[in-house]
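In order of appearance the chains are A, B, C, D, E and F, and numbering begins at 1 in each one.
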């Protein structure tokens, strides 16, 4: 009986958090181990279904770099890179769309539905959700890589208000109806801004933002970020993620989180805990 | 971190129960220690607020016998009893209304609001919710004691759909607008039937229905009840409570529970557990 | 036949008044003889039901000083007074709540329902309708006497839009969920301001505002009030009533009336007559 | 003051009638003196506006025989009659439409609007409200005289629900879009049946149904009617009116009234009085 | 088959125009040959029904000068004229109302309904749609001729949103409920302004605005109009029509058209063609 | 001008068809040349956008056999066949999902959006739209090939009512969340039945149902079908298509069409023509 009462206490403790976030939109960039490890994937799915049930509006944006690479490999297609970005010719883009829209997206939808939710998979070309232009890198064209210029959220509103959890493949569409590969963090950040969402959550395969000695920085104010870049505290692949968060904060998102997706129930913990122990919190 | 993940597991385990009961009406008869002990009262209030938040529709019916007796005492008013029922003359009824409607009801409302809910206190005369006739006991008039003849649930629908938790004092009104004292268990049972509610829950100061040797009977089918009465398994004050449950089951209520109100979070445990350990479950 | 036609004429004459007030909220402070005399109480109830039927939104706030005093007396409880205000210790407050919320409020609800209306009794703690802080009188604490600091009208909207006539006992609640006695005129005035009501009507046991020679002043502009106070035209218990009206006028109420509640159908007459003969009209 | 209180009593007495009829549709055939006498016309208009205001749904169908005759006369057009019905050739029908739709209908609309209501004039061809076929009288064609075969009430619903009082000229339309003259009593009766209205009221220039000695029959059951026709109690022009009422009663109308339109406020009196003194009441 | 495919191409070509105008209000002044010639009348009716079906909101305002003149003639009534305007005494106004409201208006409604639409005929006194004052011409009273002072569009909204095509006879009503003749072009222009309509279309019996040599001017900017008046390019009866258009443009109407009503499907062509070949386009 | 008037005539002729089908759901199986030929694809897209605009509810189900075969080939994956059905192991199913959901589906969505429509691509696993069990062929398991057992149309309703044209890849999901390949004709037929659609239209690469001499059969009644199968009039791949149509007709679909997708605007022609010249019509 005592353990039952303790369980009830957990529910009761969660109430203030439920109340705070009810009706709020939460954008979650989903990827890495959380997407490939079976038990992490299941715990992610059930977390999202629980959030939806208690009245939040989770929106999932997934990546898929490794899966794309594997398929290109299998098809014997080689890629060149410019500044770390894959040059995406038309044939490569075909593979990107098939893998993101036809495989990864579907797997996320199916895992959420297996956890008891109702989900709809979308790409950014559905209802012209993610409208992009062609990205230039240092003046060089790198093919079908897109930069978000506008977002039409109506398709999200439609499925979200009908009780579905939208899962979005980061593919954009230009004015001529041509599709483009979009960075998933950027897509998540852009949606967070456009949907006036409460939270942006980026799941990663690290503990959070670490300083040069590998210690977790549990909270960063948007204003401190440039200093950390300059003094080398934040480096490498974390820089664009942090920029993406700061950009969302500047567009009205209340809180951005870089979360360790390797922890079971990482999403729930982030929502239902005050401590920033699960990762790094960025605030305006 | 591990303990946090276990907490998340508790939430995730609760999801199927939330899903099962969402939108369902739960009638709870509230009284005894659960109403007088400070920590039980607080845990009851927060349970009800949580149920409301996650989409159930709790409706509270409270008793108040001891509080009425204390006030009559203080006013030096004596009562006579017929078959264990207080003969309620007009002056006594005045005290009943003041104590139930002006004191006990208000305390329940205030405790729910302190737990973060929004609540409205009602009596059965508001909107002619509980319509009664004068009860006869073995052909004897016992004054202003009422028997429910009809229920007009519109006032409950109005406050319930606006997000309030209704708290009802068991006072009825007859066709001439005269008010009557109503047994709280009967009022709860009648409302459960009229509102096509999913559950009727009677909080008591015992473990549940006990057999003649004091062992808890954890589940009873409606059809077995008469046998238990005849063979002396169920006796005394538990008989009318069990009858009240059976009556509700016959009017379409799915499950009735006689629950030990002395356990912290008794209401939550009853909703979120499969085991009938918290008391006695009656099914059709 | 002729008398029938004259009756029809009365209805036709009432039409422009109905049209003017339809959809408007009217706050009525109810008390005194109008509440204790049987035929006045019945005529008040039917007036209010008629107003509701033809599309106005009457809201009743009642007092209960004499009833409280009688019960305290009966319980042998004595009170001390500061500046004419009863010092309200916790035990006294219990009695106040029982009498106002459990007796007087119920009687008003029942009389309205006997007249054919549907009514709901509320206190200012229901849905945190009347939020108060503890009143100081000349720096002295006088116990559980409250001063309104905020009003949350949602509970009123809910019951009012569902066709019920709300009847409010003047009890407020502070941030900790503790209840307080509130002056009924103040509660009526505060609600009139908060609900952007068209009219505030205070029923009294005098003809209206009388000058020093006992002649009725049938109309007063808000700007003239201070002059009347200074030159002794308005004195005594009428001063706070007039202040209460002026305060409501300053918060957007169109008209405030101090009406003689001893006249049959005083409320209807006030609504359906142009002449200010039934009492004193205060305008901005 | 006393006379004011008596006026208030009249309002209060009207309340049960208002309550009984609120939301109900009342079809009124309007014609005769009530339409041509200035003060009767004004009293009719204000009655209808009052009914609309307090929540009934009055629908007016007017006649116009004398006005048509006068205009035909003025144009030097002669008519032949078959069984008392004017043979209506195309040229005559042009005059009928102009007089009913362009003159009489407009006058009724304007008088209602002068009384403070909002009104819309319609003919039975608007929205194909009154769908007719060509009437044969004893096998003879009498031109553009129509018999109702179907009613499409959508145009009435549209204007009625937007707060307008519909005023209908008795003109029907056949499947080819050709218009026909329709008897106004028949149009009113047909609408009463089609709209499932509560009441059908035919205003006439007599006291009601009189027996052969000129005494008013204040109430008739539908089943007694044939007997009265056979024994000569009801004769002449009253026969089709009574038939029209009986037909409506058979189609679900609750009460039909043949009312003396020469009495001021005849419509209001009929609604707000129990006595059938204003005319003859026909019940199923 | 080829001709079928060409037909499909026509539909496809029409799509962008449908899309552009969907939900927009189009006011059409209807008169002249388009109203009297059988095949033009039928083509007008079907055009309007098609526009309504695909989601535009056509509103028809008709004239009727020749029909009024013919009826006055037949009744032997002579008219005097001031500045080209008929002096309209009360007797003449009776004829105007009968002809416009009872004959011309009905014919338009019936022709639209024969083409498969649902239509409602109104005059400007229905629901006080067109509120006028008495017009003075050079200080002279010319009787019941009205000048629009205000428009209450609620009756139009009501019928239009219920799927009906409103057809309006240009009759206005003053504050005393007296009706007046209104110029149909002015009524159409006034409605276009009041309803914030997209287009005002005046059907005429000429090709459009012609210059002094009889050549069509296919487009005019509002700012050029005065110059054309001064230099005699635009003269005679076209001046008030052009003024009427300019006035509408100044009140927010996007485009005004003076269209040759003698062309089959003139209305459709105007909507579904870019070329201004069907008449003269006036823009802000 | 004359050619413009002829174009207007085409629009006017289309009106009765628009009217007949407005609000009706039309399921279109899309595939073959219509999907691969550029101008046919563009004409299909614009047809569908036009239907949506004028108020029909088109739902597109596409195939993709050749595209799947090409990708399998490219990946060097060989397939075995049972009774003409590809044995679909897990690896093959991955390819099927990528090609159908990530490539073909996206191309259809993009072509519709380029034609000016708003579209959303779905697979049958979104919202558990197409629920299947594993198909057995003559008792042999052929892997991930599904047979429809239930349809949950909520996701379609959601996007369709928000103005989007749904495009569905024929992939189903079983109770365990595993996905399956579904025959596109079967998916279209199943949806037509479940959505109570007006029409089922199967686009093919032949003229329609041809008899053994190659002559088009323009109309077939459901009852005649078995005879045609037996006598060899209908053979080969046309048999399952015809069965699929008959099955839909038996479930309440009004008309099924096997249409020649190689004709420009085949869909529009089918909707806007009475002649069955564009293919074969099957009726109940």
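Note that in this section contacts are C-beta pairs under 8 Å (C-beta built on N, C-alpha and C of every residue); 3 or more make two chains touch, one makes a residue touch a chain.
On a predicted model such as this, the values are computed, not experimentally measured, just so you know.
Chemist: Tell me the fewest steps from subunit C to subunit E, where a step is a jump to a chain it touches.
Modeler: 2
Chemist: If you match contact pairs by residue number, which of A-F, E-F or A-B shares over half of them with B-C?
Modeler: A-F
Chemist: As a quick test, compute the distance in whole Å between the mean CA positions of subunit B and subunit F.
Modeler: The separation of the two C-alpha centroids amounts to 57 Å.
Chemist: Can you give the whole-Å distance between the Cα centres of subunit C and subunit F?
Modeler: The mean C-alpha positions of subunit C and subunit F differ by 70 Å.
Chemist: Approximately how many whole Å separate the CA-defined centres of subunit D and subunit E?
Modeler: Each chain reduced to its C-alpha mean, subunit D and subunit E end up 35 Å apart.
Chemist: Among the residues of subunit F, which ones contact at least 2 other chains?
Modeler: Not one residue in subunit F touches at least two other chains.
Chemist: Edges wherever two chains touch, nodes for the chains themselves; is that graph a line, a ring, a star, complete, or other here?
Modeler: ring
Chemist: Going by the defined touches, start at subunit C, step to subunit D, and keep going round the ring. Which chains appear, in sequence?
Modeler: If we begin at subunit C and move next to subunit D, the sequence is C, D, E, F, A, B.
Chemist: Over in the complex, which subunit E residues touch subunit D? Could you list them?
Modeler: Contacts found on subunit E: 74-75, 94, 97-103, 105-106, 109-111, 113-114, 118-123, 125-128, 154-155, 157-159, 161-164, 171, 173, 176-177, 179.
Chemist: Going by the contact rule set out above, which residues of subunit A touch subunit B in the complex?
Modeler: 1, 4-5, 7-16, 18-19, 22, 43, 46-47, 49-50, 53-54, 116, 263-265, 268-269, 272-273, 277-278
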